[in-house]
Amino acid sequence: MEQVIELLSLSPPGWGGNLLRGLLHSLEIALGAFGFGLLIGLGGAIGKLYGGPILRDILAVYTTVVRAVPELVLILILYYVGTDLINKAAGAMGYGRVEISGVAAGIWVLGVVQGAYATEILRGAIKAIPIGQIEAARAFGMPPLKMLRRVTIPAMMSFAIPGLANLWLIATKDTALLAVVGFNELTLETRQAAASTRAYFTFFLAAGALYLMVTLVSGRVFARIEKWARKGQPGHRRAGA
Amino acid sequence: QEVKIGIAAEPYPPFASLDASGNWVGWEVEIINAVCAAAELNCVITPVAWDGIIPSLTGQQIDAIMASMSITEERMQTIDFSDKYYDTPTVIVADKSADIAPTPEGLAGKILGVQASTIHQTYAQQYFTDAAEIRVYQTQDEINQDLAAGRIDATQADSIAMDDFVNSDAGACCEIKGSVANDTSILGLGVGAGVRKGDDALREKLNAGIAAIRADGTYDKITEGYFSSSIYGG
Amino acid sequence: MITLRSLLVPHRIAMMAVFAALVLWCAYALRWDWIPKYAPLAAEGIWRTIWILAVTSVLGFLLAIPLGLAQAIGPWYLAAPARTFCTIIRGTPLLLQIWLLYYGLGSLFPQYPWIRESELWPYLRQAWPYAVLALTLSYAGYEGEVMRGAFAGVQRGQIEAAQAFGMPRFTMFRRIWLPQAIQNALPTLGGETILQLKATPLVATIAIVESYAVASRVRQDTFIVYEPLLLLAVVYMIIAGILAFGFRKLEQRVPVKGH
Amino acid sequence: MTEAIATDRTEPAAAPAEEAIRVEDLHKSFGHLEVLKGVNMSAKKGDVVAIIGGSGSGKSTMLRCINFLETPTSGRIVIGGEEIAMRADGSPASRKQIERVRSRLGMVFQAFNLWTHRTLIENVTEVPVHVLGVPKAEAHDRAMALLERVGLADKAATYPAFLSGGQQQRAAIARALAIDPSVMLFDEPTSALDPELVGEVLTVIRDLAAEGRTMLLVTHEMKFAREVSDHVIYLFEGRIEEQGPPEAVFGAPKSERLKQFLKSVA
Amino acid sequence: MTEAIATDRTEPAAAPAEEAIRVEDLHKSFGHLEVLKGVNMSAKKGDVVAIIGGSGSGKSTMLRCINFLETPTSGRIVIGGEEIAMRADGSPASRKQIERVRSRLGMVFQAFNLWTHRTLIENVTEVPVHVLGVPKAEAHDRAMALLERVGLADKAATYPAFLSGGQQQRAAIARALAIDPSVMLFDEPTSALDPELVGEVLTVIRDLAAEGRTMLLVTHEMKFAREVSDHVIYLFEGRIEEQGPPEAVFGAPKSERLKQFLKSVA
């Protein structure tokens, strides 16, 4: 036990500080990617529901391909091949090497992936809104953006929240991917600590506990949002009795 | 001119591991520093996650890899290697009471654990696949756990790693049953530094560095600090 | 339905041309000489990916229904454990769960000789029961949350109509509530199933070789970086494409007005 | 048909005809809002009772309390001689009992509440097949006959979202008739129908009453109420303000409020 | 009020009063089902046009085509002298135009379609504040006055799901009135209301007409149609079977079908 506490202490030679730093980095990336993904998702969902045939086909390809291809492939191609191509082009034009930030690339890739999932989640949520709600807004001449903000988003929120909450939790864990571009997030920190000290159990459980804390806190936040989103909906609790 | 030497960001003690303040230590790290000093290269050690280490090399983010990479024919089609800087025999480890030998007959009907993506996996699948059931793990530590727990009967691995294991509490159950027959086309020609294809200048310099520290005794001095016997191999 | 005519629209032809060009370029510019050697292994890996995915998603979904329902309307003594389960599953990395189940729970068994001698030991000794269990629980955890929202989202009047006609609780659930909840959740469920596909590689930590592990092996043996992964991506894309198509069909069974 | 008897009458009926439904001292509050303030009523087998009253007076709530879609705050509900056992919070005590009773009550909702994920014919066969255990083929034939009767045979395979308001309402009526109910609860069953169809529904209700079925009918169409009912209840702010046979209620209203209410009809 | 003129009349009106709405040769099909088979009509400013007809005859569809909630298959729609530009598929060509036009059309839906995530007062202020840019305080006061007028002031802070049918319908009327529309499209605005409230709505409509607003009014209550309208259109299976001033349509119907339709009212 003493040994465990020593291993997890916040300053070296304990690894606690490293884990916390990793967590912070993970959250940073996850927040960026999730936010970016939400924006893409909203656009994608609307495009899929209301767009023309060309846009719809393009979005279908986007959601199928991006969701299917392992993130590792995407980031390898985007970061390494991308950097390589840019440098070749830069070299040909007589410029020096450019460094692309691995973190920016990571956020970008994760965001694009999250966007594909968010597209489907939000599309489903919008579809679940009773059509009359949208028609009423249309009938009174609400411009699309306003309608989105005042009717569509609040009305679909309660359908979308569970899926989005899952997506957010996945984002916090998918940051592990950024290890490939040399970014020290929680998973890599954990693996380094575990392998260096051979105390696999201790560090994996510690990382699990950190993730769980994130989940509990974000669970609270999402529950708040859902409660707000469900205002005006009569509950079902009694209906089960 | 800076030379970036890539090592795996996932620690591999006692060759390369990390302390909590972020310093890399270990036999291989010291060797890298010694080789660079001898070759008069201005080296920077750059950890990269194993999955990205080859693309980093080809994408010019790093210039050489020194991460316990075995030299094999197949890999030489993709990158070039320096001369070897260590080489260890491959052994079979099993429960002390078990009747197991490092041959196909000696493993008949047993479950053999090997680490994924290593020469051991390739070797086992070449030579033992008809006799034994091969189970492939991600890390050697996991194999060791399952060996101790009795879920597998034996493992094939590096003698260095196994020495460590059978001398530890966790490995008290087991002993080394001997080395497997060598096949350099699979088990390779030892561990070398990887460089980009055609980067002969760097390769030559690294070769010179390795030769120099072997000759002047630096290599042996570093090794003494970690291992009880030489690991340069035959 | 996809008909030939619907494919022969200018923009679709253009998209197919781009795709064909991409395939051709990949075929010529990249290295594929390793394929014959690894083909049998790859086939085995793909098959394993597919069955793990199929078995764990189906079992996981069956588990997700009571989990979602308990959270949506259950009494506290059902809702609280269900919520705790979902939170823990969603809140910890799957890798850790697999690891704990196999190396934690699984390594306790051998300590008891009677287990070692029992009929079950040959199975408990295997890795796949743990893999199936871990992935099933994981899918159930995430989908339990999705189904909770979906159950709560069904319009009250729909349930009331069933109640008013004296539908027994279970019939109402099976005929009205569940179908409507699933209908609303389908797009999300489709995505989550593809996520499950991408979670399967984690079983490699407990010595199960599926398609991702095969690709990794090729990469390590040969140090070829992109080609094995690209091929893997194609395999995943085909599986995901089939999933997406299937879910689309399910979704379209009930026409929706307007949207 | 005989006239309905309100339970607050003191003289016992000589040889009481079979009682189909009785509501005693029904109270219902939503939070602080008391919607029903003690309603007493009863109806005999084959009675048609029309419930009229202003918007928000508690008509729908009363109907919904009778089959426990709303849990009464207090009171007693007796259906077909069987009192529905209530818990302290007003919810039905026995799930089996309430399910059995409900499956004999046909309800048409004010908002129709057709099941959106099923076609019309499926909506109509749903309860017969999956609750009452009628063989599929038989239920289907009966459902088609009912849809035919309400003029929707050609829409049998359509989903409710694609129907006009009146078509939805007629489908809801067909769904309620399909369970062959002994008591029917109609919440404004003609609100979306044109005069011709209102006439049709009138015929249907008369036929049903002649078969001995009991009906509780919330309606805003006084002419309809007058023609169809044996007994009229005028609800005002959660209380029965006046009741009696239609000739009396419409012809010679006693309450000032009812007079006021009926003024615009005349 | 002047009477409405149907465009199929041949004599040009001498000095045409300002035209509020004109529909020309409107067709609408859902898949293979042709619901509107060429409808022509027009109304002048201040006209009240009642649209009657059987359930499923296309009344709601016609109303919904006028503000392009349904895309017409073909035809022309002119509102306030401005023709709404259409694409080949019937959808409005200019988003700006259709939004501007719609924000002058007040619509009351047959199913009310109140926004469930907003309270009554929020439902009523939504469009004035967020589309028309009326200052919040002003919109709020006006909304309260309107809710007062329809008798819902005490329910201002309630969400629609907790209201009775008639209360929802009144709220929907208040929401439509709040945008101060020049043309109103009413789809059975009194279907859930008791006779007293129907009388109230009648008054409201008369007041609005007197202010010069135009109204298209789908209704099943012939008495109401007769009292309120300047012009009556009888729709049968997607065509205008007969039209004219209420006295003519109700008093001396020419078409056999209309006679049949009105028989049960008499």
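Chains: A, B, C, D and E, in written order; residue numbering restarts at 1 for each.
Operating definition for what follows: a residue touches a chain if its C-beta (ideal position, glycine included) is under 8 Å from a C-beta of that chain, and two chains touch if they have at least 3 such contacts.
Remember, it's a predicted structure, so these values are computed and weren't measured experimentally.
**Student:** Quick check on the contact network: minimum steps from chain C to chain D?
**Tutor:** When the steps are counted carefully, the minimum from chain C to chain D is 1.
**Student:** Taking each chain's centre as the mean of its Cα atoms, which chain lies farthest from chain A?
**Tutor:** Chain centre farthest from chain A's centre: D.
**Student:** So which chain is the furthest away from chain E, centre to centre on CA atoms?
**Tutor:** Most distant chain from chain E: B.
**Student:** Once every inter-chain C-beta contact is counted, which two chains account for the most?
**Tutor:** A-C
**Student:** Roughly how many whole angstrom separate the Cα centroids of chain A and chain E?
**Tutor:** Inter-chain centre distance comes to 46 Å.
**Student:** Determine the centre-to-centre distance between chain B and chain C, using the mean Cα coordinates as centres, and give it in whole Å.
**Tutor:** 36
**Student:** Whole-Å distance, chain A centre to chain C centre, using C-alpha means?
**Tutor:** 18
**Student:** Report the inter-centroid distance (CA atoms only) between chain B and chain E in whole Å.
**Tutor:** Distance between chain centres, rounded to whole Å: 82 Å.
**Student:** Going through chain D residue by residue, note those that touch at least 2 other chains and give them in order.
**Tutor:** Answer for chain D, listing residues that touch two or more other chains: 111, 161-162.
**Student:** Of all the residues in chain A, which ones touch at least 2 other chains?
**Tutor:** Answer for chain A, listing residues that touch two or more other chains: 72, 76, 80-81, 130-131, 135, 233-234.
**Student:** In chain B, which residues are in touch with two or more of the other chains?
**Tutor:** Expected reply: 55, 58.
**Student:** Flag every residue of chain D that touches chain E in the complex, lowest number first.
**Tutor:** 30, 52-56, 60-61, 110-111, 151, 162, 164-167, 170, 188, 191-199, 220, 222, 260-265
**Student:** Enumerate the contact residues on chain A facing chain C in the complex.
**Tutor:** Answer in residue numbers: 49, 53-54, 57-58, 61, 63-65, 67-73, 76-77, 80-81, 116-117, 120-121, 123-124, 126-131, 134-135, 158-159, 161-163, 165-166, 169-170, 173, 176, 187, 201, 204-205, 207-208, 211-212, 214-216, 219, 226, 230, 233-237, 239-240.
**Student:** Within their complex, state which residues of chain A touch chain B.
**Tutor:** Touching chain B from chain A are residues 12-15, 17-18, 72, 76, 80-81, 83-84, 87, 97, 179-182, 188, 191-193, 195-196, 198, 200.
**Student:** Mind listing the chain D positions that touch chain C in their complex?
**Tutor:** Contact set of chain D toward chain C: 67, 69, 95, 98-107, 109, 111, 113-117, 126-127, 130-131, 159, 161-162, 179, 185.
**Student:** Along chain C, where are the residues that touch chain D in the complex?
**Tutor:** My answer: residues 155, 157-158, 160-169, 171, 175-176, 179-180, 183, 254-257.
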